[in-house]
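As written, the chains take the letters A, B, C and D, and residue 1 is the first residue of each chain.
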Amino acid sequence: MAEEFWRWTESRWHDPDIDWKKGQIVSAGVDVGSVSSQAVVMVDGRLYCYSNTRTGSNSPDSAVKAMGMALEGTDLTIDDLPYTVGTGYGRVNVPFGQRAITEIACHGRGANFMYGPSIRTVLDMGGQDCKAIHVDEKGKVTNFLMNDKCAAGTGRGMEVFADLLGVSINDVGELSLKVEEEPEPVSSTCVVFAKSEASGLLRAGWPKEKVLAAYSSAMAHRVAGLLERIGVEPDFGITGGIAKNVGVVTRLEKEIGIKSLQSKYDSQIAGAMGAALFAEALIKKGAKK
Amino acid sequence: MIEMFQEWYQARHEYAREWKKKNPGGKVVGFFCTYVPEEILLAADILPVRILGSHEPQNVTEPHIFGMYCPFCRDCLAQGLEGRYDYLDGVMIAQSCLHIRQAFTSWQKHVNTPWSYYLPMPHHVQSEDRAVKFYAAELNDFKKAVEDWTGRKIGDEDLKRGIEKMNKSRQAMRDLYELRKRPNPPLSGLEAMYAAVTEQWIDKEEHAVIVRQAIDQELKERDLGLGAKTRLMLFGSEDDDTGFVKMVEDCGSVIVVDDHCTGSRYFWNDVVLDGDDPLTAIARRYITRPACPTKDWPERRRLEHTLKLAQDWNAAGAIVIQQKFCDPHELDIPEQRRNLEKNGIKTLMLELDVTVPVGQFKIRVEAFLETLSEEDLF
Amino acid sequence: MITAGIDIGSKTIKIVALKDAKEIVGRVMILAGTDVKESINKAWAELEKTAGVKPGDLAAIVATGAGKGDAVNAQRTVTEVSADAKGANFLNPEVRTVIDVGAEEGRAIRIDTAGKVVDFAINEKCAAGAGAFTEAMARALEVGVEELGPLSLKSTQEVAMNAQCAVFAESELVTLVHAQTPKPDMARAVHNAISDRIVSMVRRVGMEEKVMLIGGVANNVGFLDSLQKDLNTTVIVPEDSESVSALGAAVLAAEEA
Amino acid sequence: MGKYPTEPLKLWNKAKELRRQFYENYAQAHDKGGLRYAGGAWTFDAVPAGLGEDVYSLTSEPYGASCAYNKEFSLRCLEAAEGYGYARDLCSYMRNYWGSILINEYAFGGPFPKPDFIWQDHICCSHAKWYQTMSELEGGIPMHCVDIGVGAAPPFGELKPHKIDYVAGQILDGIDWMEKVTGRTYNDELYIEACWNDFRSTHTWAKVCELNQAVPAALDEKSLYSLYVLATLNKASKWCADFYEELYDEVKDRVSRGVAAVTNEQARVMSDTQPPWAFLKVFRYLEEYGCVSVGSLYTFGLEGMWDYDEDKGLTPRPMPAKRPTSREEATRMLVDWHLRKPEYQHFYSPEYKSRLMIAICKQWKLNGVMLHYNRGCEGLSLGIAENRLAIQEAGFPVMTFEGNMGDEREFDEARTMARVDAFMETLGIKRVGRA
């Protein structure tokens, strides 16, 4: 099978300085999304470990795989987890989960933790949908809007392009910025047709970065439209995979005229992190397995 | 007995066929819009049957209706093209939106239902007397057409009989909806939808009897534990998608009231005879009923009506059902939502197609309920 | 007299060489690179290598396909619609309805005894009625595109899928995945969805037997099965169904020369 | 040099000037103490004329088209309307128009000129709602709207007295209402004059279109668009009626001298519904095949008045025998005249429209038909799929292409041109190139 440029690399991390046995509350969250799955474990509200993996075609397995990977190299096992909240498409079939909460609530909560309580508008650009979320100072969702009809402006769209151009999904953002002047955005909003439009541009001799720029700005424009429908209240932050794509993010910031907050955390784990934080709150309220 | 409505919903065609067996020579007329004056059909002892879709993917309407028109009108036409309404003696429409009109006109041409009638229901209902006068004259022409077709005169007494049947059925449904005001509703939104939708094709007296029995017996003390659920309103385009309603309620809500044409809008007001001749009285009822958005101008009178429903039934939030491409409601919903939100009732807009993408809707509904819920996770 | 037709598509380039408008003497199919000119030359070289036919020997060349303008040595170009019609008619003169489902475009064409187009329909700006759809779905199901067809034949229950958009249908599929729906049933749902789109187009031009299915998706047995059920007739699938447009162009070239 | 002689239309610049003047008059009306009103292209514009000679209108459909013609401006308008919450599949004229108010820019420069009142009519689901929303966007503008959806006219249906009463009654109510909201006294003489101008404009436009039955066609549809628009702006004005009479003479002269619109004419087609305004190049592209679009029921029938008869087909409706003498008489004549408009009949059944279209196919000697499946207008796309079937049954090849009159995002140029190529091949027409 040919190299799959869209397939980003899975990753894991844990904080060796934390001894979970000494902690009061160990809480866990799993976000089984349509394209990727993340698992997060927190100890007393501090990030202990996480993983970022691809979702398989069987969601219970994906949840187990993600948590297993997060716990690698720690002395914590899935059975040790006192309480786990599941979120994402597969939230209801997390074998070791006790409660399911939507990714909208979890991304709101996670973003509040990642970017601080000043955040009011969260943009989650996931694999197949794109959500604009309003949250209060606690990270509670007050209003939200999701893209319908067409999936343009989602992570999947960018994967399709990485594949077409033979550029690793991790590099498309940077590359798209290597153009002297911004080209016309691709006109088609449908990922599949944008793809054939792009092949046309390549045939016409366009360099890869120019094609990427044209798609990235089309994508940014669509997402900006979604944000405008709900209204962008500062502060503003982005979660999900696309947050790592500087090509889309810078163009989006330019469109809406607001900079997005920066965080030391991996933007893709916001959902799982929110789930873990909800788990913590529930444990404090006496929730048990 | 409340499960009767679900049985009727699932066996709609069998019911009509049975009805014809029981009423030899009796005619069944399919109608496309709730502006059709069923009183006149009942006066001629005809069984009116609302034509609705089946919520299954189909591939037969593409040659007849351009894809930019609503899925509902295409789903309705598909039923005719696939022969599911082959027992109809006639088919008719009262002028409302352009979309459903195409289902009717294509049906006229390509489905061999013997008799058909296009009834020009006026749009300027807020001109009241002008519209009433016009519609009464149209109803008179319509009555004549039915007489010529059935070969039977329709006298004032017959009309009054039709009016009484309709009013009784409407009253029964309004009383059923009253029960949903209770803090602990004795019936689910799904059960209510089965009752409301079937009223549009079951013999009105037969239907009213069951509704009465349900109210007086089964529902009197019934406790389904719905008191703890989040109370929602459903409003917007035509919606008889029971699978969708079940999904919404399974997410932890109870639908307590609705405003759409397969719900309360159908039975909200009665024909009032006082003084008027029967046809004028009937005309006045349809002119003054809660309007379809396409007739709600120059003023937006629906805003107040919808808001009052939400408040009287104490809905915490409203799910806005937008039939894809349904222009009349697309022209109404933005203001409706602003008005409800302004009055503290949160809304969630969903775009309905022939079948609903459960996964994508479930997440929206659950998230919406989370924003309404009081549980403190913080 | 030898003539050739060249079909320059978005993914592949095909050439068919025809002797006296009767006998196929050469057939080439190569992947189109980003440099079309170069790919076209490669295709001609390939024809010479495999069939010993040089462009110079050809009495006439007709080009078709999205990139037909790039065929510098062609006397004229024709649309895929006319090429499909001629090609199908050459393979089986009894064919009256041609269905061509390629990567990004689906077409339904009604033709007469001479292979002349009577009416045609092309899918509008949505990929749900084309091959790219199956590719996206296969990826969501983590199976190869080629496995998707056989898989769906094992299906035991109908699952309705509301495929408005290729990528959204993919997330509908993901929902089914999380609902533990058996893969064969999901594969079947995918093929039913495309079939509904295609059959709608066929009904639009009016189906007349016999029916022939060509294009990349023709090799998908699962789609073929759904299609035959929906049309409720047997559908002919020629071998080398992907080069029928090129063949049609070659026939038209012969008529010119 | 092509097959036929060709030359530009002499009245071309005058038509352009009249259009420019119209939009300027509206914008500047207040400076001269005049009144501004907004209403649709189908509205009874003879009625506000009774308020005085300084009353100017902005007709929404042609204004929406003017916005659409400027892609950059249009996109900002459309996105503003979407941002306000209105769906993308609504009438695209309406969305351009609302957007122009929301961004407060007039397509012809300056801020959007707010009207003093709204005078509209209603047959498609959007007509009245368009202005209900506009009134809201402008913070409340008095509005009167006349419902004309009373059923088909002869020969398809019977215009019974109660139908005329209903529409006429709403107009008479409207006149009283107008006096109230403007504080002006109504002048019946001006009204009767305006009605007569309306009859003249719409009668003469039909006669102009009838001339296009000639081979070669004296006018192509692209030109017809720039000419029929004047009636959509102000058919009840003297300037419009006079211009059409002048135009009739020039076109008659072109026909007598065999002057062609498309010098290589070898095939004739018609379109249907409003074109994708940002892509009129489709018609230029046809010329490469020596194919001319001679018009459509839309260009002939939206502002042209015709009689239809099974045997005689379409013939321009003769002028009324005598001028009306009273407000009531004028109103009833106006209503009767307009309810018979060809472009209204399909609202009651595609059958009626199919018969009118097939008549055009025969009388205007067409080789085929190109139907624009117009996502921007559900009113005129109504029943278009059934029209397609009926026209094919009558033996005329039909091609369809999807697009949008006012939202270029929904038009795919490359794919549409490819369709045209395929259609020309099926008609057996070879490319001749533009001369």
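Simple rule for what comes next: a contact is a pair of C-beta atoms (placed from the backbone, for glycine too) under 8 Å apart; a residue touches a chain by one contact, two chains touch by 3 or more.
For clarity, every value in this text was computed on a predicted model and none was experimentally measured.
Novice: Which pairing of chains gives the most C-beta pairs in contact?
Specialist: B-D
Novice: Can you compute the centre-to-centre distance for subunit B and subunit D, using the mean CA position of each chain? Integer Å is fine.
Specialist: Subunit B and subunit D have C-alpha centres separated by 36 Å.
Novice: How many angstrom lie between the centres of subunit A and subunit B, each centre taken as the mean Cα position?
Specialist: Taking the mean C-alpha position of each chain, the two centres sit 42 Å apart.
Novice: Among all residues of subunit B, which ones touch two or more of the remaining chains?
Specialist: 62-63, 359-360
Novice: Which residue numbers or ranges of subunit C touch two or more of the other chains?
Specialist: If we look for residues of subunit C contacting two or more partner chains, we find 124-125, 164, 168, 171, 174-175, 178.
Novice: Listing for subunit A: what residues touch at least two other chains?
Specialist: 89, 129, 149, 188
Novice: How is the touch graph of the chains shaped: line, ring, star, complete or other?
Specialist: Chain contacts: complete, every pair touches.
Novice: Hey, which residues of subunit D end up touching subunit C in the complex?
Specialist: 392, 397-398, 400, 402, 410, 412, 415, 418-419, 421-422, 425-426
Novice: In their shared complex, at which residues does subunit B touch subunit A?
Specialist: Residues in contact with subunit A: 346, 351, 359-360, 363-364, 366-367, 370-371, 376-378.
Novice: If we count contacts the way the header does, which residues on subunit B are in touch with subunit D in the complex?
Specialist: Against subunit D, the touching part of subunit B is residues 62-66, 68-69, 95, 97-99, 101-102, 105-106, 108-109, 118, 120, 122-124, 127, 130-131, 133-134, 137-138, 141, 293-294, 297-298, 300, 322, 325, 327-328, 330-335, 337-338.
Novice: Applying the document's contact rule, which stretches of subunit C touch subunit B when the two form their complex?
Specialist: Of all residues in subunit C, those touching subunit B are 124, 160-162, 164, 168, 171-172, 174-176, 178, 192-193, 195-197, 199-201, 203-204, 206, 230.
Novice: Note which residues of subunit D are touching subunit A in the complex, please.
Specialist: The touching residues are 79, 82-83, 85, 409, 412.
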